Amino acid sequence: MAKKRKFSRRLPKIRGRRSHQSKKAGSAPGTLHHVGEKRVEEVSITIHDYSEDHIESIEITEIEECRPYLENPSKTWISVKGLHDIEKLQSIWAYFNLHPLVQEDILNTSQRPKVEEYEDNIFFVLRMMHYTKEEPVILESEQISIVLGQNYVLSFQESDMPHFSPVLERLKVVGTRLRRFGPDYLTYAIIDNIVDYYFGVLNELGDRLEETEEILIDDPGQDTLHHIHGLRREAIFFRKSVWPLRDVINSVIRDDTKFVDESIKVYLRDVYDHMVQIIDNVDNYRDMILGMHDMYMSQVSNKMNEVMKVLTIIATIFIPITFIAGVYGMNFDPQASPYNMPELSWYWGYPAAWASMIIVAIIMVIYFKRKDWL
Amino acid sequence: MAKKRKFSRRLPKIRGRRSHQSKKAGSAPGTLHHVGEKRVEEVSITIHDYSEDHIESIEITEIEECRPYLENPSKTWISVKGLHDIEKLQSIWAYFNLHPLVQEDILNTSQRPKVEEYEDNIFFVLRMMHYTKEEPVILESEQISIVLGQNYVLSFQESDMPHFSPVLERLKVVGTRLRRFGPDYLTYAIIDNIVDYYFGVLNELGDRLEETEEILIDDPGQDTLHHIHGLRREAIFFRKSVWPLRDVINSVIRDDTKFVDESIKVYLRDVYDHMVQIIDNVDNYRDMILGMHDMYMSQVSNKMNEVMKVLTIIATIFIPITFIAGVYGMNFDPQASPYNMPELSWYWGYPAAWASMIIVAIIMVIYFKRKDWL
Amino acid sequence: MAKKRKFSRRLPKIRGRRSHQSKKAGSAPGTLHHVGEKRVEEVSITIHDYSEDHIESIEITEIEECRPYLENPSKTWISVKGLHDIEKLQSIWAYFNLHPLVQEDILNTSQRPKVEEYEDNIFFVLRMMHYTKEEPVILESEQISIVLGQNYVLSFQESDMPHFSPVLERLKVVGTRLRRFGPDYLTYAIIDNIVDYYFGVLNELGDRLEETEEILIDDPGQDTLHHIHGLRREAIFFRKSVWPLRDVINSVIRDDTKFVDESIKVYLRDVYDHMVQIIDNVDNYRDMILGMHDMYMSQVSNKMNEVMKVLTIIATIFIPITFIAGVYGMNFDPQASPYNMPELSWYWGYPAAWASMIIVAIIMVIYFKRKDWL
Amino acid sequence: MAKKRKFSRRLPKIRGRRSHQSKKAGSAPGTLHHVGEKRVEEVSITIHDYSEDHIESIEITEIEECRPYLENPSKTWISVKGLHDIEKLQSIWAYFNLHPLVQEDILNTSQRPKVEEYEDNIFFVLRMMHYTKEEPVILESEQISIVLGQNYVLSFQESDMPHFSPVLERLKVVGTRLRRFGPDYLTYAIIDNIVDYYFGVLNELGDRLEETEEILIDDPGQDTLHHIHGLRREAIFFRKSVWPLRDVINSVIRDDTKFVDESIKVYLRDVYDHMVQIIDNVDNYRDMILGMHDMYMSQVSNKMNEVMKVLTIIATIFIPITFIAGVYGMNFDPQASPYNMPELSWYWGYPAAWASMIIVAIIMVIYFKRKDWL
Amino acid sequence: MAKKRKFSRRLPKIRGRRSHQSKKAGSAPGTLHHVGEKRVEEVSITIHDYSEDHIESIEITEIEECRPYLENPSKTWISVKGLHDIEKLQSIWAYFNLHPLVQEDILNTSQRPKVEEYEDNIFFVLRMMHYTKEEPVILESEQISIVLGQNYVLSFQESDMPHFSPVLERLKVVGTRLRRFGPDYLTYAIIDNIVDYYFGVLNELGDRLEETEEILIDDPGQDTLHHIHGLRREAIFFRKSVWPLRDVINSVIRDDTKFVDESIKVYLRDVYDHMVQIIDNVDNYRDMILGMHDMYMSQVSNKMNEVMKVLTIIATIFIPITFIAGVYGMNFDPQASPYNMPELSWYWGYPAAWASMIIVAIIMVIYFKRKDWL
């Protein structure tokens, strides 16, 4: 019982699920307004400038401050968190000379994952997905936009959550590939990090699926149905959100671009394998959820059968013998005629009535035994 | 309850859903009659002649009046609203030398979106879709035909609704890309505008889907079923109507045509991304609607189970004890035999009858508790 | 009620649905016997000889009579109706030097639509489909075989129905494309004519689908189920019969053949568009029919729920109070003991019994109100 | 009733359905043991040596006896029936120098249809399928292996059934294509013969499907369910068994092989068309079987509804009036109080009781009429 | 009954089903930790050095010990069992100079089957699957990693089970292809061995499927539902696990690699055929399991119908006649009025009551007979 409590009656929200694109109906491509909810107080810009033998991380307020870092030969990661301050973002975009459509894509946070090459850079739209840690656990989705230039990575995220701290940790270690290789390897590491989060979502989905499956076998209730439906919704949403990334990675591997070195592609092939594995698994889950729904329906029908059997057994045993009792409760006047209920005055009348009632009941019980209902 | 009221018992109409093509069975290709309902009183022709530094909008009655605008170097948008006046349309087609099959396609307003290149122009069939603003809200579908020539855009629409006023507004602003670029960019802007409407439909579908999902959890009724069925119908219709546009845009991007400049293709790629996103979402919705239907069925079965349990509990408790009462309502004559209902004259007879009835009832209640039915 | 009458209890027959190919198991390819039902009394041969400035239609009995028409420079349409007189057909085939496999295909009238090029001609298998006009309306399917040579069209049909009279009507008009262009355009016109019939079937299916959908909302019965099942069957059959034609047309457009002029291909592309639209629509219909079936099932379950609620409410109100009445119908002897049914002699005994029964009933009604069952 | 008898309670066996491959787990490829059931007493070898002007059929015991026939210029068909005598088979394989994998494929009789070219020959795995003629009718599946060399056809079959007697009959007729053309045409004729058997299976499936559909409309029972399930199983099995043949034929048509002459390919295209038609039809059947299952479920629900309505109507009419009768069966003592059941002594008491009971019953009947339940 | 016992109430576990990849979220590619459960006590290394005329098998503890075997011209199979001792594995990897991503893939034992070519070797991820032999039978899945170099095969497996003993047995026999051919043939033999295990799983699945189908026809219960669900789960898991192997084999056949000789490809094509057959069969099984679920649901509904019919028949026969008995159990005072229950004093009163009750019962029985419910 305590187990069943943990499923709330409400379907869990999925943050970032709906497409907000329609708000700009008819507006010019490149007209800039942030589409999505505001998730952070202030837009922050952090610079991580690194080469094989040094690393420096500073927070800046004006984009101009990053000029020295971009002009020196070391590699630079400019990480922007928050998307609601259009003016600040525009100063960044102007500085990096981003195409108006790229600008629009960064703001419009319900994009599908995609990659597009421009003259000065290659632009990735990615999607971070994870379950929140606090109750109620909800599936959160956030757009990550990456601009990869010759010697820099410019990343944008909606919230200020430290999604990429594992990458940053490794960046701080001397001698890692992250330090030795170029910004294309950093971009790979970010994508790989996102895909690791997908495995986390997959595991959570898998855990809940197995848990629900067990409840389904033991003691399914109305809550189980809501839970199955919620799982189905989340699996559908997760699949839709992540599968385009497979093609994104594949097209980077296949097409030649000056921004991604050949030597990096073996790593991209590895993350491509992961994506295929994730999609395989989530398809798997969807099939299993369908199976669980079918099973739930069968369980409900089985339960109904049981209820009906109890009613039918009790009713069909007692209705006939109640009739017999009813007959001898009639008040026909024995004095008016010898045919009027002579049984009532028989010596063995009452025992005979009981006997006939017991016989009827036994016949019924035998019949039910034969039918395998008892 | 008030909430449920908002779903009408009738399924909402979908305007433009059915194919009217059959009315011309066996007639020659190019035989001209408008296929579709008349949606506007009079066929109107409006000219928007524009270049980087001027714009002029006039309404004309004879197509000959547009000759000066077409011959000057500025770009010209000839917008025709209404399709029922064949003669007037024929004068326009003759003027622009349109192929008979193009003429037929313009009139036959149940076409799938498509693109076809001819010698003098490239011809698009597009489909505007939106929910009406007045009650009852219905999904309206209208064919938009575009003929793109070297220096003009010729557009046809069934109704006189100002679908493209956002484009027109931007056209009036000096310095926009719309003013600087050629008629191919205008065509792009019109397609982009239509796709923005699709996002509107998607959002409305999404809102209704979420609303229905909530009712489904709280208190589903017969109306909910009609609503789910209506959603399913509209999602099917919407998907069918919009997905060919993806391939249309893709074929323009992929194939070389002199009517669309290379520089425009980056914008077409953007609207292509939107189309992929829309199709992803509507597929998503269809899966969720199927899930909602499955859930509805489960809910109905659950409710039935509950009803049956109440009946079974009441009936199986009272039927046996009513039988006991019936037994002691029999009229066997105690005087005729010592075996005839001696219980009736026992000192504790009546209390014993009550006791047996109460014990039977308690056994039943314990049994139901054990079964977890109470 | 009157409405429901129109659906017959029997599933409607579909003529031409079954594959009769097996009758010739093991026989040589090219062994000739007509496979299909005999649909016309006598095999007739009609010649339409036409050029831009003349047209002549005559019925002939011997195929030799068509020699002058084939040898003159005008175009010739030889229309054969009926397939049961093998000898007559063989004389035609010998005259036109048809390949044995073509002969077999003409006779075996359950072919899929296909096209095959031979040295002297190009051979089309097409499928006419239409609903009969008399009651009971059945979906009729007939194979049309077309042999297109350099200056002639040779057509075969199973029945003598005037399927192509619209084409013939236009052929009689001077100056039409049909008269100006070659036999390839005539072949196109015949295919277009067949596709127009498909739109007719589609409309009929659509009308019945909408009608059934309305009945489904208003007052579904057992007949509705049969009707949905019939629709499903006909949609499946229609789709299977027509979709190969799309590929047939496409392969003619794509492949170069000397029998079809380049200038004709724009028209074939038009009929190709129609085929895509038809297939889109019938897929649509199939999805909607599945939705209707799901809805029917839900309606049936809802109805059952309603029936069960009525039973449960009546039974659970009256069973307990009938028990109370039963108790005071017991005959325990008040004289035997002060505990034996003293209530019977109470001053307010009978009113108290009524009161308790009414209270029980009211409690039940309140309970049902709470459950929202009343 | 008699009609329903013909469906047995047991699901019909499908011979050759299961994959027996696992018995050789881990053994070397080319290790030879017959996998499948022994279907014939003794392995027989028959030689049909033929050219345009002669044919000779003899049964041999040693493969060496076929040397003169293979060395003369006439074409030779060596037909081997039975696969359990490995030694005899090995002598044949050695004689024809077959690849170990071919040997293994011939013995392992649960292969998918396939074609493979070797240096000396081209190897076909085919699958004969037919319903047995005796009761109970079961779907029988048998592997046919064909080795086609430059001037011979070597065929293997599991049983000694005369599957190819129609081919043999035609081979005996002077002047047929079979006699004029090479062993490639004989191979084609064998394949065509197998495909003719498929049409037979298709027709049998179709007949049973229509029969079941009719029973489904008239009077479905538990047997009907078993029959639908059996049909589904057989359609699944049949489809899986035959569809690879389409690709086999296509790859022979498409790829150039010295063993199949160009002139034969027009015939292979014909049998390819048949295969497409068969697959189309069986897909069709599967969809219809799913529809029949859905319909069966709806019928069962409808029947339940009817049963419940009868119970509800009878119970809700009689339970309230039985209560009234119960009330006046109570034994409250009228002497103890004026309030104790004064009705019993009213002049119109009994008629009034009847009247109230009849009124209640009539109200119920009206209510049910309104609900359309009567 | 005994038969049904064998299905346990719990769903059987599937070992190796879940993806453990998430444990390394954000860690560097190539960071090494074993992902999966520890299945063996100690990591063992066995060397099988063989050429056409000798074979030598020794167990070593340090990888350095294999140097002489690798440097001599004979072929060498180094088989590593157990993956939990990272240090030992690293010494092996260092010795063979394996790419960090290969190292990671070996440890991460929930990979999909794949093949990847590196400069020095070609790397295969394979998946062994089999049912355990002890009760409860569970489907076990284990990752097999193969590194194929110019003159060696390096294999890794999680457990120390003798999966490849059949290969080893054949390796010990002089003159086999295994001895004559290179390490590429050994790799093929290992893959073929794994595929043989798949046939074993397929057969087990098929046996259980047929068994369940029989129970389904005879006497389905709640256990049957669990069993169907378990089958569905296992079929889904099995399919997902094995189908990538088909593409792996195909890509080795298609792509040229120096590590696999052309002469080996005919054998790979054979195992490719097996994989296609396995996938065909498991798809088949999935369809049949869906069919079994549909059938189960229908059976449950049929049973419910039967239960309801019994209740309805008994209740509708006895409720009306119990009412009649109730009427004549009323206590209206015959002395108070001539209209008060005069029937009670009629001469034929009691027999008439019985007669009316019997007539009502007979009418009901006739009604049920007509409805075909009896």
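Think of it as A, B, C, D and E in the order they're written, each chain with its own count starting at 1.
The working rule: contacts are C-beta pairs under 8 Å (C-beta built on N, C-alpha and C of every residue); 3 or more make two chains touch, one makes a residue touch a chain.
Because the structure is predicted, anything quoted here is derived from the model rather than measured.
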item: Cα superposition of chain D on its sequence copy chain E - rotation in ° rounded to nearest 5; value: 70
item: Interface composition of copies chain B and chain C: same or different, split at half; value: different
item: Averaged-CA centre spacing for the pair chain E and chain B, given as whole angstrom; value: 41
item: For chain C paired with chain D, centre-to-centre distance based on mean C-alpha positions, whole Å; value: 25
item: Chain C residues counted as touching two or more neighbouring chains; value: 297, 301, 304, 308, 311, 315, 319, 322, 326, 329-331, 341
item: Chain-level touch network, classified as line, ring, star, complete or other; value: ring
item: Touch list for chain D against partner chain E, complex; value: 9-11, 18-19, 21-22, 24-30, 99, 101, 104, 110-112, 114, 116, 219, 222, 225-226, 229, 232-233, 236-237, 240, 293, 296-297, 300-301, 303-304, 306-308, 310-311, 314-315, 318-319, 321-322, 325-326, 328-331, 334, 341, 343-351, 353, 357
item: Footprint of chain B on chain C - complex, ascending; value: 165-167, 169-170, 176-178, 189, 192-193, 196-197, 199-200, 202-203, 206, 213-214, 217, 266-267, 269-270, 273-274, 276-277, 280-281, 283-284, 287-288, 291, 294-295, 297-299, 301-302, 304-305, 308-309, 311-312, 315-316, 319-320, 322-323, 326-327, 329-333, 336-337, 339-341, 371-373
